[in-house]
Amino acid sequence: MSITVEQSTLTTRFRDVRTLTDELTGRLSPEDQVPQSMTDASPTKWHRAHVTWFFEEFILRNLPDYTVYDDSFRYLFNSYYEAVGARHPRPHRGLITRPGVEEITRYREYVDQAMTTALEEGLLDERARTLVELGCNHEQQHQELLLMDIKHLLSTHPFAPVYLERGPDDAAAVAAPLRWQSFDGGLMTVGADGDGFSYDNEGPGHSVYLQNFQLTNRQVTNGEWLEFMADDGYRRSELWLSDGWNKVGEAGWDAPGYWSLDDGTWTTFTLSGRRPVVLSEPVVHVSFYEADAYARWSGARLPTEFEWETAAARTGATRGQLLDPGRCHPGVAGETMIGDVWEWTSSAYLPYPGFVPAHGAVGEYNGKFMSDQHVLRGASALTPAGHERPTYRNFFPAASRWVFGGLRLAR
Amino acid sequence: MSITVEQSTLTTRFRDVRTLTDELTGRLSPEDQVPQSMTDASPTKWHRAHVTWFFEEFILRNLPDYTVYDDSFRYLFNSYYEAVGARHPRPHRGLITRPGVEEITRYREYVDQAMTTALEEGLLDERARTLVELGCNHEQQHQELLLMDIKHLLSTHPFAPVYLERGPDDAAAVAAPLRWQSFDGGLMTVGADGDGFSYDNEGPGHSVYLQNFQLTNRQVTNGEWLEFMADDGYRRSELWLSDGWNKVGEAGWDAPGYWSLDDGTWTTFTLSGRRPVVLSEPVVHVSFYEADAYARWSGARLPTEFEWETAAARTGATRGQLLDPGRCHPGVAGETMIGDVWEWTSSAYLPYPGFVPAHGAVGEYNGKFMSDQHVLRGASALTPAGHERPTYRNFFPAASRWVFGGLRLAR
Amino acid sequence: MSITVEQSTLTTRFRDVRTLTDELTGRLSPEDQVPQSMTDASPTKWHRAHVTWFFEEFILRNLPDYTVYDDSFRYLFNSYYEAVGARHPRPHRGLITRPGVEEITRYREYVDQAMTTALEEGLLDERARTLVELGCNHEQQHQELLLMDIKHLLSTHPFAPVYLERGPDDAAAVAAPLRWQSFDGGLMTVGADGDGFSYDNEGPGHSVYLQNFQLTNRQVTNGEWLEFMADDGYRRSELWLSDGWNKVGEAGWDAPGYWSLDDGTWTTFTLSGRRPVVLSEPVVHVSFYEADAYARWSGARLPTEFEWETAAARTGATRGQLLDPGRCHPGVAGETMIGDVWEWTSSAYLPYPGFVPAHGAVGEYNGKFMSDQHVLRGASALTPAGHERPTYRNFFPAASRWVFGGLRLAR
Amino acid sequence: MSITVEQSTLTTRFRDVRTLTDELTGRLSPEDQVPQSMTDASPTKWHRAHVTWFFEEFILRNLPDYTVYDDSFRYLFNSYYEAVGARHPRPHRGLITRPGVEEITRYREYVDQAMTTALEEGLLDERARTLVELGCNHEQQHQELLLMDIKHLLSTHPFAPVYLERGPDDAAAVAAPLRWQSFDGGLMTVGADGDGFSYDNEGPGHSVYLQNFQLTNRQVTNGEWLEFMADDGYRRSELWLSDGWNKVGEAGWDAPGYWSLDDGTWTTFTLSGRRPVVLSEPVVHVSFYEADAYARWSGARLPTEFEWETAAARTGATRGQLLDPGRCHPGVAGETMIGDVWEWTSSAYLPYPGFVPAHGAVGEYNGKFMSDQHVLRGASALTPAGHERPTYRNFFPAASRWVFGGLRLAR
């Protein structure tokens, strides 16, 4: 996470990130910004305030002349930083109606003003500038989260409301033909080497020993997933991990998240309303359990995160669909490594050898979640461009389906 | 429920009721109107739409030239009328962000316009006019509910926000001295006799045999409740019903709902924020279990609903504090029967002999809730004037504390 | 509960009751006597010890020369007497493997010996002798409970084990023809008058005013219940109380408790294994909700407990099938009032006017359960003869199905 | 798992394993063998039948002349082999009272007889003989499980019953002095190489790259754990994984499992009743979360499973306390690698590269549990001698405390 950033570049970077959040949330009414549709999700207005609070808490508060906007916001908009003090219980974020949307807009403007002044007047030392970059990455991560969360919220509405109007899909689009790509094993160096920004959990760079392996050239598509379903994939216990099979039974899963069989046609809820499933798009909103079962069904397996990272490095880390505010949905499956949908790996989310969390409260960012989570690699169609990188380690529990998660096969 | 109402009176009545709802909810932001703070409560905007839908569903839909505002509202804003069809699941009302507050305002205006036309042009037959009166009572009942619900919602906020600004309380106010009033028993006639509007559950009028009894001249006060607390009232199992004692343990009750011990002073959350408990006010936000335990502690008991009704009839059914939109809180305990706080009785909520629910969907209003609920009599400081009457039977489950429930003693 | 009993009669009474418990439980293996199949139920060995502890706790402990068998039993075998002190949490009774069955047998013998001595040597004063009678009634009540509980436990076994071998049923048996019997209303005296033993909750005797009413001459049969099912009784919301309809949905009820549709034939689990439903027997293992829905479906209603008691008094309180240790199952529905199955009434379980619980810990027997329970009248095929009486008030929550509950119609 | 075993050796092996089960369970009454004290545990009589069924299902059923003892046992005593068919739901194992303990003894004898005959008469081919060895290992694993489960069951009893009488502990015993041992990293070969029996999850042998590391020479002791507690180890969020910290709050953990503070002295429940904590014994019944927090507190970390295995190989895999039926409890912490308590590692339980589950139903043994479990290495004082080995991978969820789990530090 240590990196020297030019002042002017950082100012631009800060403004761009903040502006994108405003663009993404500006489409939502005050009412849309209030509810929390499940414990894992947060209200839009909470996201908007929380990412703002991050800059205030970790940067502006340390400046001699800064006046805190509202002291109560530390309690309301802290997410999980134990070191910062007491905070509002996560499951009740949807009950906090005040401050309202307009006041949060004023809070954002206040902090933006103070941050811009601090950046332009050179008031920030190197550590603070590093924290600005961290704050920008943090806000980008929340841009993806708030879109995931608003999608989940709108999906609970019986009449499939629209976040974003968008033209019809090209049902005739064709995915790239599926091929296996071979990679030699051996002693590999993986992880972030400190050249450019990265989260603490991406390092230290270190050696791992890999056997020879193969990866497919693209992600698994909806069309291929329908074959799995047609072959009773959701009804054959031998394909599933035990916990996954229990979850299938409890939750009644018989298709990816957001899918629904309407008059004989599989449709899926998108940020542009409910639409027919497009066969050539990568499958998305499948859990780790489903990805793992699909891989077993196809006679393959999921890649480890180090196989994935090695393959990304060797094939040029080609980009697919990243966040396009006018689309917010994966594109047709192409021969790329990063984008469209996050890819579940077989790796548990664990510290790299020699991992040390960042110092202070921001060190609570990643390390403390290193149990019973699964690594996803790449990026998705909700990930803002510039936030993705080959060493990025996303992580979610095995049953998560609201993340834009899909898969690629290995063997 | 059968009653002939003058056209012009009914139009005025309708307008007055509708206007009061607008006044009560106009103080709330769109954000305030969205969340559902518990399953028993509903969002403000849902209340506003639901009471409007009632007029549309049961009156306007039957008019030849009426165009339904939005067909989806039947699904969204039906509360529990099974006969009307499928409806949105109650626990998820807080996730419905659309229609928003502005559109609900338009919906209200649309229905108000159509209703006013129908009333003024004499398009409603007698049954329809009776349903208008029912709809007005229904909306009045929801006026109390929406205030109860917004109080509960705001109380979950860590910083005690204010619904209504109000001056300081008179801490020196003194309650009426406590006296026992004696009533002769015998064969009594209770229930509604059809003279004026009443709900179906208030009838038929019928005979019950009462023994001689006594009732206190006023409700139990906060000051008296503090004595109960000081005498370990919440810690002595012998004072409690078994279910109540279990609830005390599970919920950790040690004071009425909304009370908090702040720096040695008991405060209570009100619609005007958190304030010191006023000793001379009637205790409120106690459950049936607590009311019953208090009565046992004091060597008395709760009255039956027929004792209460008999006493109200004989003492002139004197009124205390009913809904004052500028106060929304009980007054000092006076020598009255109806108002300030609802009074828990010892009676289970059961049908009167010969009870027949109203015909059609509106017959689902009361009868189907006649199991495991407890009758409260009187009215509260949230009950709109004109909605209260001596035969009124309010009912809630025994553990309910968000209702404005208090008690009066009998023996 | 006050009654003078002859010494020799009481000794015989005590021995008879104790012997019947031994007979009923002697058929069960140690393993059968351990589990608790749901929180409402208790292990057989717990029942055997608990009823024994009752005599030790409330009678023998007060004798100067009595040595308590094992002090830890007070903690283990107290059921709910708060006044007696801490007790083992009810939901964990099935984990108490020690003392084992043999030691409990020794405990029973020890207490029997001490009680017999005390009774025969005249060591008990009148209050103690009254408590012996109460203890006998208490044990009789637990005889029914332990049979209900063992039935529930065995029913959870996938292969329907047998508690009691019994010959095949007479499928051709015919129930008594259904008739309505009319009763004049007026001011009636109900409740126990202190002549003979009764529980405290059966008194005081008092006046109630009844309108004219009719009752059927026998209980509703399985054959009639099948008509209700065939007429979509379990699928029509308008027949149900709201809580009942919710329960139907949650629990998936579509037939009485223990029923199962096996190869097109409805069978029911009995204490003699799984058997075809006998049409002429009274329906049993229906909840209050189901009884209430059936009554509404048939255009009638459930009787109040006072209508039932009045009818029983006027028709001679005729007995049907009481506990026959060789059958443990209702007989063919006959023209009787008391026996075969308990009858759900429309009455909530509430104190009679002037009710005062018995003094001391035994006063926790009945009064503290007087909320959200429903009165059943009569007796069942598990009720030991001599325990039933016309003023007896049994009570259970509305959703209970493991009690031997059925119904009779009123109008 | 492939291994050729001499016939006579295998017969002896089979008898020895079976005899030890009988010895361990012979101390328990029928009542003790029935309950299931939590979903993760099973009744003793279920364990006894299940391990017997394994031999019947996978070996004897394939012999031409074998008659199955009771067909219903396949349903009752299958644990989780989906391929074998339907099975009794795990959470309800404690309700199955039949077959009773005596019949299960007869079942064991029947299968023992058939197995002995088959072994002695050479009726088993190599695959079957391999399955006998697997069945013996399976039964040894259940010997540890049944002792864990009976300990948990007895611990729920309020009066701390004794499974096994044992003399007093030597409170003055001293643990081996703590030292760090250094190990060179590099490319290491880990996993089972097929020389001798091993489970499928221990292979294939493969290469991993390790950095240089240090391990302590012995396990963390109770005395050291008390220092962690004294230093607010259970109250400092910064020491804990996020999930662990939540668990501490929910479960109220403030000491290892089974510990209790009695009159100022920490005691622990053992299979010989409740006893004072012995400072020199290794700490046991701590979860992964606690082990991880302790390691962080001490400025160290948990070892990976490959560091552990490498250290075990290099130091001679020295044994500590394995199962002594007369003790069933860890000894004083000595300078050994395998025994006393299982050691939590930082490794998630995942398949080794190239892992393929065993063919058929027995392939459900290990692989399907490879998500969200944590690897423990070594063995415990409940592990029967001969079952432990350096490549053994035990695994449990992070919050498990009923396993005999402790820790060793790495850095």
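Chains here go by letter, A, B, C and D, matching the order in which they are written, and residues are numbered from 1 within each.
Everything below uses one rule, namely that a contact is a pair of C-beta atoms (placed from the backbone, for glycine too) under 8 Å apart; a residue touches a chain by one contact, two chains touch by 3 or more.
Labels paired with UniProt names: A, B, C, D = Ergothioneine biosynthesis protein EgtB.
Since this is a predicted model, take the numbers as computed values, not measurements.
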Co-neighbours of chain C and chain B - touch as defined: none
Distance-maximising chain from chain B - centres being C-alpha averages: D
Distance from chain D to chain B - Cα centre to Cα centre, in angstrom: 59
Chain A and chain D: spacing of chain centres that average the CA atoms, whole Å: 38
Centre distance in Å when chain A and chain B are each reduced to the mean of their C-alpha atoms: 46
Residues of chain C whose C-beta touches two or more other chains: none
Chain A partner contacts - residues on chain D that touch it in the complex: 80, 82-83, 187, 206-209, 211, 237-238, 240-245, 288-289, 292, 346-348, 350-351, 353-354, 368-372, 374, 398
Residues of chain D touching chain C in the complex: 29-35, 37, 45, 72, 75-76, 88, 92, 94-98, 100-101, 153-154, 156-159, 161
